[in-house]
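Both complexes shown next keep chain A, but they swap its partner, so chain B is in the first and chain C is in the second.
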Partner chain A sequence: MLTLLPQLLISGISTGMLYALIALSMTVVYRATTVVNFGHGDMVAAGAYAVFVFGLGFGLPFLVALALAIVLLFAVGFATQRLLLQPIVGGPHLSLAMMALAIGYTLRGVLRLEWGNETINPQRPYLQDAYMFGNVVITTDDVVICGIVLLLLVVLFLLFQATPLGKVIQATFQSQRGAALVGINVPLFHAFMWGGGTALGAIGGVMLSMIAPLTPDLGQWTLVQGFAAMTLGGFGSLGGAVVGGILLGIIQKLLGFYLNTVFIEITGYLVPIVVLLLRPQGLFGRRAAVRV
Partner chain B sequence: MRIKYAVLTAIATILALPASADNTQGIAESTIKIGNLGPFSGPQSTFTPLNYGAEAYLRYINEQGGVNGHKFVTVFADDSCNEAKGIGAAKKLIYEDKVFMIMSNPCSGVAMAIKPTLVQEGVPWIGASANPKISRPTSPGIFHATYTGIESGRAMASFAMGKPSTTKIALAMHSDDWAHGYCDNATDYIRSHNGDIVATTVLEHGATDGTAQALQIKASGAQAVMACLYQPELIVLLRELQKFQINVIIVGALGADFNQVVQAFPNHDWLNQRFFQPYQFKARLGTGPLKKYHDIFVKYLTKDELPKVGEPTNFYYFGVPAAIVTVEAFRRAGPNPTRESWEKAMESLRDFDTGVLADTETFGPDKHVGVEKMYAVGLNAQGQETVYRAWGDALPETE
Partner chain C sequence: MPDAFLTVRGIEAGYGGRQILSGVDLDVVAGEAVALLGANGSGKSTLLNTLSGFVRSRRGSIRLGGEELAGLSPHRIFRHGIVQVSQARDLFPEMSVEENLRLGAWTRGGDATRLLQSVYASFPRLAERRTQTVQLMSGGEQQMVAIGRALMSQPRLLLLDEPSGGLAPAFVSEIASIVTSLKRRHVTMVMVEQNLRLALAVADRIVVLRDGVVVQQQSAGGDEEQIVRQIYL
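After this line comes the complex of A and B, so read on.
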């Protein structure tokens, strides 16, 4: 059974990278606005459908369809924040979470109206090949997913750590009132970050639809995994989101194979329970201090 | 004072009781009202072609003039494959819309949940859900004109074990009642025919990856897999088995549409002579006797009710037998049907050929599941969809 361990690790990393991408996009929104977007999974699915519509519906080349989908989902995220969240931003945090959840369900309902009774095989921009390295199989999807996530991680890291925008994000994350006092248009900034996070999620949705059939419920499973990855890595930490995603992917594969396949589903729920009890700040998050 | 309380209590009790359905509810001078219950929204709405298939046939019959002077009027109700919502939808059909019967109802969980209400109110039901407990043991007015998990589970196992020397079987399944309905019956068949279950793997709803399951199947040395999975998860598992080049035959359950599964593999050579499903029909879809129904779907269903892409798929055809048998029972029940006369007519059907299913329908007072024999469908060595009577025994092609 140990001969399959390298394969399980490689597959775990590949799946984990996908979780990491979802967690990254949720982290971008959280880091800027301190809101966990519980509707994010459905925005991920909407991104995949947008590429499908632009690609197969309008006959556009894949990269054009992808670019349009990213722009569209950015607009969806931006509008969501401006029109639906901003009006209640002064209310309890729970209201924001409930609003995000409700938006997600609405989006899913709309997708089901049109595509609820079929699974879709979306356009594939590259041929799927499998490469053998001894007993280990690596597919084109594995390589593409890992490559894109690493690239996005580098871009986001540079953006957050080495640009003036990164300082704005950090300032707003630490104190919205303070950021406003130094002239930052916090509501507009929040809308941009919602747009950015949603667009990133759309890329995740497209990658996901390469390995799993496209259905309106595509994002449900990934939301749980993305949230678990975020919790494991530490809320607000970009590197933590990636490490958390990869670890989660590997843990699922190992528990699923060596113990029982039922663990694959429940790992996404067990991890937050264990982490929140033992290390609430996650692997790379900062311990929150409340001044009284 | 005591009398006043007694009267008030009696009135309150009467008001609290739902209006009980009478035995001609839904039958008017020139119409028969049918409730068509299904998952028109929600994650299981891939089953709605079963609802539309039945509806297409009723519209076709209406255009022929109806049955004994009655035309069918359908009231659709959405259950989202959710038990609580299904109970509400069924009660609305029975007490508000006052339908004669409930048809289609592909979701087993909902069918089991509404069964007590149907039995209490005496409302007939003829559905496509797979749970055998709905119609076994028999209940008045409740019939299966299509295959349940018992017939399908046995068909899955017997087809796989028909391949010479195939005895090691793995199960890949959801953990719900629906999947057990297929896989438990397949397991019984396998064990009673000297086969072994060498692995049992679980793939839950919504899973986007099946690596661990595929590798468990590989490590078990299984020769065949009984895949009691819904369509998206079946596709996920097939892709993983393909990725790791695991040389097994895979027999899916009826929770997935064969054609849609094949369409999910742009290059489906790997599926040739490897992926099969129990097959309900007497010919390939859209050919021979099934051509008539293809034309009915295209003519009588709206654009929204037909597939967005491609031809009507398996589930459209699988929805039809419930409607055919229902219409035949009304024909036999005469111009003034009642629940009792309709049920008696149903139980009088012997070797009734629907023109659709692989088996003929035979019902009786102690037999409310009409069909047993099934075929299998798969892609032959050339990648052509082929119907098999048994492993290696292809059904002759009909035009």
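After this line comes the complex of A and C, so read on.
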């Protein structure tokens, strides 16, 4: 049994990297606006569909389709914040969460209109292959996912830590009022963070659609994994989202193999329950309370 | 009296259905330091927040150097040069003193390094602690960072909301000397101050706010007892 452990760890890390990216993109939105975007999963799914449409529908090369999808989803996130959330930003926090949820369901409804009865298996833009290392198999998918996520993490880390813009983003995360007091246009900043977070999530969605079947309900699954990873890592912590995502991927694989395959489905629900009861601040979180 | 730099006329503002300011008039001359007094909850912070755009006025006019600012959002008003040090200070808690200060100059531009030198010259204590995280500093030190950050924005009008609030006496006198030195540099200021002695010592003029309107304006040399009566009785 234990001989399979390295293999499970490898594939756990690989999917975990995807969860990490999605959790990170949710965290960017959450840290900027303190709104949990319950529609985020559906935006991630919309990103995957956008690449599919631009690629197969319009016959564009993969990278062009991907670039267009990123721009489109940035615009979707930006417009969502500007046009739908900003007008009610002074109201109760719950209505912002409800609005985000409603936008997600609307998006899912639109996807169902067109693809409600089919499952798409998008073509990979590379050839799937497998490499043996002893008795561990590493697929091209694993390499591509880990490589791209790591690259994005490095770019984001540098942006946040080593650029003047990153300083401003961090400052605004720490105090919105403080940011406004130094002349930052906070509502515009929020819109950019929604755009950026959504675009980042879309990249995750595209990779997810290569290893899992693409259906309009992909967003549901995605949101749950992202939420679980955020809770595990510590809600609102950027580093926590990454670590939480990777751990979630590993836990899912281990429970699914050693206990029962049903755990692949339900780990994303069990993790928040256990974490919220035993350690509500998660691994790296500081604040115990989550504002919806 | 010379032409006013800031002219506030008939400002009405509040929260939700509740009106707090009901027709505030105020003139501030360039280079003048005005102390705004009033009981707790009389609307002093609300007035400053209305001037800086954090509270939208429902009616009335706010002119700075002839330009109408009422109804603009905070970042646009900031661009016109109204810079506020808020009652809660609202610093960036996990950042160092120097990072906080530099952010003050980020959107206004200007030579941040030169501005930083001049802030450090006024606040030697901050120069010593430039790498310290502000959330670990004392209230008085944080207040200095907040004032320093506002100065980094090169304000045309500086709004100070209770700079001595909650501070130990040693800090109160330090804040008083800072405000006095700002005045010597002809920084135009509106300052909310509960500490009457401090207000009288540093301000050119006292303005008393009560029931949402200005009930008294007088030069700071005036009758102290009369002012107290206006505020509280």
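Note that in this section the second predicted complex is superposed on the first by the 285 of 292 C-alpha atoms of A that agree within 3 Å, B and C clash if a C-alpha of one lies under 4 Å from a C-alpha of the other, contacts with A are read in each partner's own complex, and residues count from 1 in each chain.
Note that in this section a contact is a pair of C-beta atoms (placed from the backbone, for glycine too) under 8 Å apart; a residue touches a chain by one contact, two chains touch by 3 or more.
Computed from a predicted structure; not experimentally measured.
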Chain B versus chain C as contact partner of A:A32, first or second or both or neither: neither
Touching partner for A:L208 - first (chain B), second (chain C), both, neither: first
Partner chain(s) touched by A:A229 [first = chain B, second = chain C, both, neither]: neither
Chain B versus chain C as contact partner of A:L24, first or second or both or neither: neither
Comparison of chain B and chain C by chain A residues contacted: B
Which superposed partner A:G183 touches (first chain B, second chain C, both, neither): second
Chain B versus chain C as contact partner of A:A65, first or second or both or neither: neither
Which of chain B and chain C A:A171 touches, first, second, both or neither: second
Residues of chain A at both interfaces, chain B in one complex, chain C in the other: none
Complex contact set, residues of chain B against chain A: 40-43, 45-49, 175, 201-204, 206-209, 211-213, 215-216, 218-219, 231-232, 235-236, 239, 243-245, 260, 263-266, 307-309
Residue ranges of chain C touching chain A (in the complex, touch as defined): 52, 54, 73-75, 78-79, 83-86, 88, 90-95, 99, 102-104, 106-108, 149-150, 153
Touching residues (chain side chain A, partner chain B) in the complex: 1, 4, 7-8, 11-12, 15, 18, 109, 112-119, 121, 124, 130, 137, 139, 208, 211-213, 215-218, 220-222, 252-253, 256-257, 260-262, 264-265
Chain A residues touching chain C - in the complex, by the definition given at the top: 164, 167-168, 170-171, 174-175, 177-178, 180-187
